[in-house]
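Each of the next two complexes has subunit A plus one other chain: subunit B in the first, subunit C in the second.
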Partner chain A sequence: MKSIKPQMLASAIGAAISISAANAAGISGDTVKIGVLADMGGVYADICGAGCVTAVEMAVEDFGGSVLGKPIEIVSADDQNKADVGAAIARKWLDTEDVDAITGLVASSVTGAVTEITKEKGKLALISTSASHAFTTKACSPYNAHWTYNVVALANGTVKPMVQSGKKKWFFITADYAFGHALEGVASKVVAENGGEVVGTARAPLGTTDFSSFVLQAQSSGADVVALANAGSDFVNSLQSAVEFGLTETTDVAGLLVFTPNAQALDPEVAGGMRLTTGFYWDLDDQTRAWSKRFKERHGSIPAMGQAGAYSMTTHYLNAIKEAGTDEAEAVMAVMKQNKPNDFFARNAYLRADGRMVHDMYQVRIKNGSERSNPDDIFEVEKVIPGEEAFGPMLDQCNFVASK
Partner chain B sequence: MASLLDINLFGLFGQLLVGLINGSFYALLSLGLAIIFGLLKIINFAHGALYMLGAFLAWMALQYFGINYWVAIIVVPIIVAAIGILIERILLRPISNEDHLYSLLLTFGVGLIFQGVFTHIFGSSGLSYKIPPELKGGFKLPFMYLPTYRGWIIFVSLLVCGLTWYMIEKTKLGAYLRAGTEDPKLMQAFGINVPLIVTLTFGFGVGLAGLAGVLAAPIYSVSPYMGSNLLIVVFAIVVIGGMGSIGGAIITGLIMGILEGLTKYFYPEASTTIIFVVMVIVLLIKPAGLFGKEN
Partner chain C sequence: MLNISKSTLILVVLGLIAPYVLYPVFVMKILCFGLFAMAFNLLLGYVGLLSFGHAAFLGTGGYVTGYLVMETGLSPELGILFGTIAAGLLGAVFGKLAVKREGIYFAMVTLALAQLAFFFFLQAPFTGGEDGMQGIPRGTLFGFIDLNDSLNMYYTVLAVFLFGFWLIKRTIHSPFGQVLKAIRENEPRALSLGYNVNDYKWVAFIISASLAGLAGSTKTLVFQLASLTDAHWHMSGEVVLMTLLGGMGTLFGPLVGAASVVTIQNYLSGGELGNYIHIIMGVIFVVCVLAFRSGIVGEFQKFMKKNFN
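Right after this comes the complex of A and B.
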């Protein structure tokens, strides 16, 4: 971490003086402090991790490093994909380090624990990479902003067109924890709504190495589509087994949540041709290419969607502080919801009353080996899915919106 | 529930075969652990990391030096064994007279360091390694499609397990080995270089992990975490088989693979738990393990 000692000392003194005035107008603690909480060295490190820190740093630098004349500071920590670890860090940040907003936020379990705390303390949770839609429905909070994507958008983007094209029978291979269940639940609903049926599911424990048994079950189920409601190495391993056992020759296999690092990790012969939904792709147009090039120069790889999302939401957050004239959470959130984010990432975007950021999503196809001009050239964008189609209407499940 | 009885037999055969494939893989990994524990009394928690290292070395050999699978499957286990020998000589030797817990903690730390270094260099998403062209495709069995490569895994694993068991239990070299660990002083008095035997045994056990890594590279994501996911299961298998029992590790590996396969069929949610349930039951009824000798 960068050490700017006089400033840190100053901010520490400032924090000590201003605790009683923390909710008054202006900048609490005389500094705007953003905490990046993510899995830094575990299975999800590549999809947010240090890349999210880089993205937030870029956003702060591009913003000029200060807002309303006060410096912007970034702290980061490793939640190890553990809800209790993430919660302890969040509590420490908010209680003793005067952090104003927590971003990053990857594993849905960690995000669930952290958003409870931010709600209790009245600070913002800017969710970049989590998938569950709970944070803007049954576990919503006036302090949540959920950016990049969620399970609803994945199901609407990937599952719906396939069912509508006549693939009616679905089999799910699901990661057996909160995220997988949420994804399977939402996707099954989309299947049923469009006249399809779910012919079977297999709930595979997180971190299963060998998926061949589940692939055989899927094979004998007579399904038209086998959907992989999992992520990371579970996705890679299950898809590899599906190809190896010849499942892909007779049946469509749909990856419901695929991040660019996972797609890059797969042999084009295995993954080529698969369609999926993403919230961002670096090679969309000049704007995305320009930002992604800068990101790659600093971080070493192309941005995953949550990393681009982290930049976008940090920028929107800082703009809102500037306009609100304070870093007080509710005032800032009001401006964030009132003003539309618009940058290389957020297209036709707005932050809905329940905290869901609605923006264009993309249906992409993983390129075959012969179509790729370089190792980063992995997706072909086939269709832009308008935000409202992807994220669907706001559900009547969020208590603070309903009470308004 | 009505379908429970008329489960199609073909489906069941498929699951049994898949279980056998995984079982032979478990057998190979637990064999290495069992040798190291049985003969050297070292609880090698770096085994998973060395398995991961085997897969990564195979990938690096192909990527950076164009060395194909067939060369890698011979060379990589030797390199991993050499690294194991260095670990034994430099790190484990100085604490060889201490309590077993010291070697457990040391190897655990070494494993974490390997995992951390590889995450730092290669990231956490994993890499892909192609199935060698000679082993592509598969056979249409009446009840399932068997990929050739999976057949190859059974063949190599059982062959290596069988040869190792034979070497240790039935040959003169194996007798030296067993005697050397039983009573090192007496063996040394007979003019046998016991420290050398210890080092080579450790290298051999670790080399088996490297071999398993090369075998796994084409079918599983080559990632820094591939070992830590498997290690605990493999340890449970060694405990069930009886700590240190060579034949026990092999047979238990196969049985547990099949049991896990069946669990994945009937109640997939429990598939990562079933082996530990068996472990608890075995420990309660026969604390030395199924094939272990009670002391």
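Right after this comes the complex of A and C.
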């Protein structure tokens, strides 16, 4: 003990305090860096991709380009819808480029891999376009915020009213991978809970182009509703086959996950009249129209729901940094959960303890050709679904919420 | 006793200092793919067998290690060991069937078998399908080296890589390796000299598959993730590219090729050219095959021989 001089001890304590103080407040790396990770050139490029980057840029510009006197930077990368590519990029961003939060996040497989890394490194994952509800249940983390929508909201929004209106027999054409299985599972549960039954399922591999055998199975099943538990080009192709085989004349076909670019790409003859659930529609009111107009001027097309979600969550994130006085992930997340997001996208919204952003969802109908006044005029909003009804109660599956 | 050549010494020294200069995860990726390509090169470069199914072994190593470490809580060294053994066993089965054929038929048989493996991984419940296995813990090596520290992980990977490198070097310089080269040069002659050609090919196939599995197992621990990408036939094609680009039939070629391909992919994926990544790789492949067939290391060796001997 003799060898330790008091001054040395004091300076050591002082240094320790100053280090912990530096951790508790301020901006790491003197800049707030947001990484946008999305599929930029593949099947999901239209629903997030470059549009998500544009949306995040708009959010940063609208915020003033800096927070707490420090600049806000944006980096972006293409995950190619591959979990390992996404994980490698995320790891590089967090290890060497001092990225504070990762947003975008489309394919559920990529999001799963990235959220494991953000959890390990203690950085935020702001999920804009993924569908799986795992990120706020089984695979939840205190660093996840899941915006826009999830499979539960889709099933509650689209399936429930149809079962309740008397369509009791359901047949699923499902994309044969994790997202499709999750969507089918949640939707089947909703069917059963409301007194319906699932009379059959057909699992089609991702990227199937010829859906004829699946459609024929559906046709011979005697179902009242054929639900398409797939997305993107799979949705477009399966719906087109259903129309070609005359399935839509005898039964209802429900698209469970439809993004505006997909609906826009389809011939109104094919898709007109279909009801679906969405987290956002550009033509909702003046606020959404004003933002969407600005978005379209920069990006060239109307925003998909995940792109509007990316703007909303970035804004909420930056506001939280401002209020918390730091970009330290846990402090920022605490403020994000405490303050309610409120903008053109997030209506009656709050971020639940498990990281789920609960907000109003919309049940819409795809307009027929004669009803459309311009190419962007594709949906008619029939009903606003209150957030709690859409997303359901918080399930007791998230370990960090239960332990608190 | 230790007969270490100059080039090997340079490799070891570069390996030791690399994590202080470059991003460790990046170097680990190069080492894993380098080992994978070297394993592949053992077959292509030294026996003259073009396997188009090596992704199956990379994937098997990765999935088996991932499953054991994550679900049964096995330590990482045992996880890697069993992953390697599993890939070796699969290699034994595939190899037994494939070595009966030659040339394009050999390639097609390996491709077909690898596709079987791919669809097994796609459908099997434990692999997580398209999502892959995520959040695989790195654990502690031998119970006291914490692999979550990136330098510890790096030197573990380097040790694994150097072990693989040593084994391959040892193999090709052994009498066994001489027979392999004889088979490559003139198979009927090797046969007429009394060598059981198919058995030699089979053993080489098993060694190659095991080392590919070792690379996959190690890669899984580095990235804490096992996904279908590793088992997809694109990966089998990529390893051909790495080997040809670096220099087929040279000891260092595959490593140089792997480093080039990984660097190009890494560089492109972050930039404006991200969308053209496959086109650019394709052009490089074509140029390589047309203009410098013996690859980077092969051309370098030729150049040295011509000018300095």
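The rule is short, and it goes like this: the second predicted complex is superposed on the first by the 380 of 404 C-alpha atoms of A that agree within 3 Å, B and C clash if a C-alpha of one lies under 4 Å from a C-alpha of the other, contacts with A are read in each partner's own complex, and residues count from 1 in each chain.
As a convention for this text, a residue touches a chain if its C-beta (ideal position, glycine included) is under 8 Å from a C-beta of that chain, and two chains touch if they have at least 3 such contacts.
Because the structure is a prediction, the values reported are computed rather than measured.
Looking at A:Q217 after the superposition, I want to know if it touches subunit B, subunit C, both of them or none. Which is it: first, second, both, neither?
Touch partner of A:Q217: subunit B, not subunit C.
Would you sort A:N374 into first (subunit B), second (subunit C), both or neither based on which partner it touches?
It touches nothing on subunit B or subunit C.
Going by the contact rule set out at the top, does A:D267 touch subunit B (first), subunit C (second), both, or neither?
first
Is A:E116 touching anything from subunit B or subunit C once the two structures are fitted on A? First, second, both or neither.
Touch partner of A:E116: subunit C, not subunit B.
So, does A:G41 touch the first partner subunit B, the second partner subunit C, both, or neither?
both
Who touches more of subunit A, subunit B or subunit C?
Of subunit B and subunit C, B contacts more residues of subunit A.
State whether A:N237 touches subunit B only (first), subunit C only (second), both chains, or neither.
first
If I apply the document's touch criterion, which positions on subunit A are contacted by subunit B in one structure and by subunit C in the other?
Of subunit A, residues 41 contact subunit B in one complex and subunit C in the other.
Where on subunit A is subunit C touching in the complex?
Listed in rising order, the residues of subunit A that touch subunit C are 40-41, 75, 77-78, 80, 82-85, 87-89, 91-92, 95-96, 108-109, 112-113, 116-117, 139, 177-179, 181, 206.
Quick one: in the complex, what on subunit C touches subunit A?
So the residues of subunit C touching subunit A come out as 23, 25-26, 29, 128-132, 134-135, 150, 223-225, 227, 229-230, 269-270, 274-275.
Flag every residue of subunit A that touches subunit B in the complex, lowest number first.
Within the complex, subunit A touches subunit B at residues 41-47, 49, 176, 202-205, 207-210, 212-214, 216-217, 219-220, 232-233, 236-237, 240-241, 244-246, 259, 261-262, 264-267, 269-270, 301.
Taking the complex as given, what residues does subunit B use to touch subunit A?
That would be residues 8, 10-11, 14-15, 18-19, 21-22, 116, 119, 123-128, 130-131, 138, 144-145, 147, 149-150, 219-221, 223, 225-226, 229-230, 261, 264-265, 268-269, 271-273 of subunit B.
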